[in-house]
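Both complexes shown next keep chain A, but they swap its partner, so chain B is in the first and chain C is in the second.
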Partner chain A sequence: MLVFAPVLIPLATALLCVFAATMPRLQKGVSLGGALALFLAGMALLRQVILHGPLTLVAGNWPAPFGIAFTADRLGVALVMIAALMVTIVVIWQHSDVDKAPDGPSLHPLLHGVVAGACGAFLTADLFNLYVWFEVALIASLGLLAQGGSLRQLDATLKYFALNLVGTLLLLTGVALLYGTTGQLNFLALSGAIAEQGNPLHLPLLGLLLIAFLVKAAAFPFFAWLPASYHTLPAPVLALFSALLSKIGICALIRLLCVVLVPAPAELLTMVGWIALLSMVTGVLGAAYHWDIRRILAFHSISQVGYMLLAIALASPVGDAAAIFFALHHSLVKAGLFLAAALVFRHTGQYDLRRIGGLYAAKPALAAMFLLLALSLVGIPPSSGFWGKYLIVKEGLAQGAYLWAGTALLVGGLTLYSMMKIWFEAFWKAHPNQNWQAPDGARLTPAYAGLAIVVAVAVIAGLFPEPLLNFAVAAADTLRGAGR
Partner chain B sequence: MTPRPLLAEIFVTLLYPLLLALSLWVMLRGHNAPGGGFIGGLMAVAASAAYALVHGARPALRKMPLAPAPLSAGGVLLALASSLPGAWQGLPPLTQLWWDLHLGGVSLPLSTVMLFDFGVYLAVWGAVGGYCLGLVETIEGRR
Partner chain C sequence: MTWAVALAVGVVIAAGTWLALSRSLLRCLIGLALLGNGVNLLLFASGRLTVNLPPVIDAAESLLAKASNPLPQALVLTAIVISFALLCFSLVLAIRLLESAGHDDLALLRAAEPPANDATKPVLEEDR
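So, the complex of A and B:
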């Protein structure tokens, strides 16, 4: 039952929030309760998985390859924990007045809808069911994108919808064709059938799935939906999206290349490696061009997805562990940076770096928290980002992939440039408008509390990386073990 | 002044409960066996739509047991709740359980599947019915 809890709890919370739509205070309470319940269920599941290994449960008590199986392994449960943490912070953040999402009756149902879709995608062990959860997350996130209803937001929603729909349709086509040739949908059964049949037709079909997941992960050249939509979102929703949406694609990709395909065909891995390279470079260059903090951070997400893909393409136990570690690190740190950017906006009135400044003197606490997160994104030791990048570069060098590893280092340097740009423009230089007064903060505490939680978790992960690294290594081992 | 379509009004008023009863029967029987939650829900939408075409969207909305959004949310909640009895007995969620209800010689089979189907029925009625009546309301506004 516990295996299904991370899906059932947010679904039930979303539905209860619909009933409480006419009572906003009650709705917020239900929403917070649901978020905390998800967190507790995630903790309990994490404990079970660490003690006893992955748990599998087939809905409806059907025999194994026919029913829809959910498998809670370390990777899935860790991502569920991220989702629970982020949705809790979003609900807390909504009590502040820092670029929060407009309070409408459908906000909280949609938030939990995105979480339900994401958790389902993290835990499912069935290819068609994965598609269903992709759709759940897609529809709920569309609702959140369109919430504001301004022309700018509807434009972003349309682009997001159109590009994601292409990915989803490719996925559906791939699933249908693969089912047609193998007769299986369960990951493990599929893995066995593909290995047994050795059908050359499987490679293009798996390529279809790969492209669909790359669209979801916002990798080169399928990333257009991300920079087209992210900057129109209110801060807490943006943080939730950046923590979860690209991870849905990454998690599915890891499962495809580590569980379904053992060993993964070298052609696919090489392709993923080059896509990783191009994602890292285009993302970081796109970021260098922009002056809107949210756009800079959104482009960096593409670049960071490149790192995860590079780790996956290395296709070794260390590479998988690095990908998992990096995905967890990036979810936290990037969400935290978006939240910090929202506070910058609240204190200076702009997201545009050219029109703001002077925050180091005015808000030293915010400056410190931003710096910690930014240095972690760059990968300065001892931060969580450093450990992730260290593992990837080390494994790349060990495998003789000098170009890939060298590019990863170079992109790290360019990331430093972007982060320093934000630092100097927003914090260090004086505010260009001499008479600028930050509006009086009526309700800043919930926002600062939310940001502080993220920073605290990220800093602890950087200072004491060993438990998390061991966890990632064990997670990678279970994936490979499950595939055999 | 447009004349009232008296015949249609009487006909639809009589038809509405009949259609709902039929939709419930289809839900229980299923179209081509086991479950008919979805098709039953669509028939309920047809009943609401017919009512709206003659009497207007507002009265048709009032005839539904709840407003569309809570109706569909409640339906999905019922479907979710049908996963609990199985879980309560230590079986995986959504495991079907059957009970026989004896009513003086007649044995009536009850199951969690029925609860699930009823949830789907309400969800479809609420969601599709809501869209449908919303459309009718827009058209009424243009006239």
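So, the complex of A and C:
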């Protein structure tokens, strides 16, 4: 039952929030309660998984390949924990007045809808069920995108909708054709059927699934939906999206290439490797062009997805562990950076770097927290980003993939350029208007508290990486073990 | 019968793709809906096409030899519901877009993404 909890709790919370729609205070309370309950369930599940290994539960107790199976392994549960942490922070953040989402009756149900879709996608062990969770997350995120109702937001929603829909349709096509040739949908049964049949037709079908997951992960050249929509979102929702949405694609990709396909065909892995390379470079160059903090950070998400794909493409236990570690690190750090950007906006009234400055003198605490997160994104030791990149580059060099590893290092340098651009323009230089003073906020505390939680977790993960690294290695081992 | 279904899938997906690439907002959304329905048809056909067979296995048999496969029917039902929900959402979105933008030309719809008229520096936008 515990395995279903990360899906049932957000769904139940969303439903209760709908019932409480006319009572905003009660709705906020229910929403916070649901978020905390999800966090506790995630902790309990994590403990079970660490003590006893992956837990599998089949709906309706059907025998193996027939029922819809949910498997809680280390990867899935860790991502569930990230989702729980982020949604808790979002609900707390809504009590502040820092670029918060408009308080409509549908906000909290939609937030928990996105979390339910994401958690379902992290835990399911069934290909068609994965499609369903993708769509749950998609439709809830569409609602959140369109909430503001301004022309910019509606325009962004349309682009997000059209491009993501093509991705899910590709996934559904792949599911239909794979079911037609193998008769299986369960990951493990599918893995066995593909290995047994050895049908050359499976390669293009798996390529179709791969492309669908790459669309979801916002990899080159399928990333257009991400920079077209992220910068129109209110800050807390943006942080939730950046922590969860691309990870849905990455998690599905890891499961496809590590659980369903053992060993994965070399053609697919090489393709992922080159796509990773192009994602890293295009993402970081796109970021270098922009001056709006949110746009810069959104493009960096594409570049960081490239690192995860590179780690997956290395197709070794260390590579998988690096991908998992990097995904967890990126969810936290990038969400934290978006939250820090929102506080910059609250203090200066602008997201564009050309119109702001002087925050280091005015708000030293915010400056320090931003710098910690930015250096972690770049990968300066000892930060969580350093350990992720160190593993990826080391494994790349060990496998003789010098071009891939070298590009990863070069992109790290360009990331430093972008982060220093934000640092110098927003914090270090004087404000363009000499008479500018940071306005006093009545309700800044919840926002600073939310940001401080993220920074604290990221810093601890950087200073004491060993437990998390061991966890990622164990997660990668169970993935590979599950496929055999 | 297989060739007829295969042809239908091909035609619907081709028509959907053609419409989805159109510059007109409504045509684009109808195209995406058609694409979804073409894929649904494909999903429906993935469990063999049978005529007038119940989805029940005889007591003496263990295979679906003389029965239709109920699983793709269940799957396609789910997929139809989801694509219908998305279609409804997209049509409401289209109405709102037509109201606020005043036109239905997708190439001119750049509210969230102002055109770049300088190769080195993006335009300064008002934040909201």
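Operating definition for what follows: the second predicted complex is superposed on the first by the 484 of 484 C-alpha atoms of A that agree within 3 Å, B and C clash if a C-alpha of one lies under 4 Å from a C-alpha of the other, contacts with A are read in each partner's own complex, and residues count from 1 in each chain.
Assume a residue touches a chain if its C-beta (ideal position, glycine included) is under 8 Å from a C-beta of that chain, and two chains touch if they have at least 3 such contacts.
Here the structure is a predicted model, which means the values were calculated and not measured.
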By the touch definition at the top of the document, which applies to A:Glu135: first (chain B), second (chain C), both, or neither?
second
Classify the contacts of A:Ile82 with the two partner chains as first (chain B alone), second (chain C alone), both, or neither.
neither
Taking the superposition as given, does A:Leu469 touch the first partner, chain B, the second, chain C, both, or neither?
neither
Determine, under the contact definition given at the top, whether A:Leu57 touches first (chain B), second (chain C), both, or neither.
first
Kindly classify A:Ala12 by the partners it touches after superposition: chain B alone (first), chain C alone (second), both, or neither?
first
For A:Ala116, decide between first (touching chain B), second (touching chain C), both and neither.
neither
Is A:Leu169 in contact with chain B, with chain C, with both, or with neither (first, second, both, neither)?
second
Which partner does A:Ser150 contact after superposing on A: first (chain B), second (chain C), both, neither?
second
In the three-chain superposition, say which chain, chain B or chain C, touches more residues of chain A.
C
Footprint overlap on chain A, where chain B in one structure and chain C in the other make contact:
none
Using the touch rule from the top, collect the residues of chain C that touch chain A in their complex.
20, 25, 28, 32, 35-36, 39-40, 42-43, 45-47, 71-72, 75, 78-79, 82, 85-86, 89-90, 93, 96-97, 100-101, 109-113, 120-122, 124-125, 127-128
Contact residues on chain B for chain A in the complex?
69-70, 73-74, 76-77, 80, 83, 86-87, 91-96
What does chain A use to touch chain B in their complex?
1, 4, 8, 11-12, 15-16, 18-19, 21, 57-61, 109
Which residues of chain A touch chain C in their complex?
128, 131-132, 135, 138-139, 142-143, 146, 149-159, 161-162, 165-166, 169, 172-173, 175-177, 179-180, 228-229, 231-232, 289-292, 295, 345, 349-352, 354-355
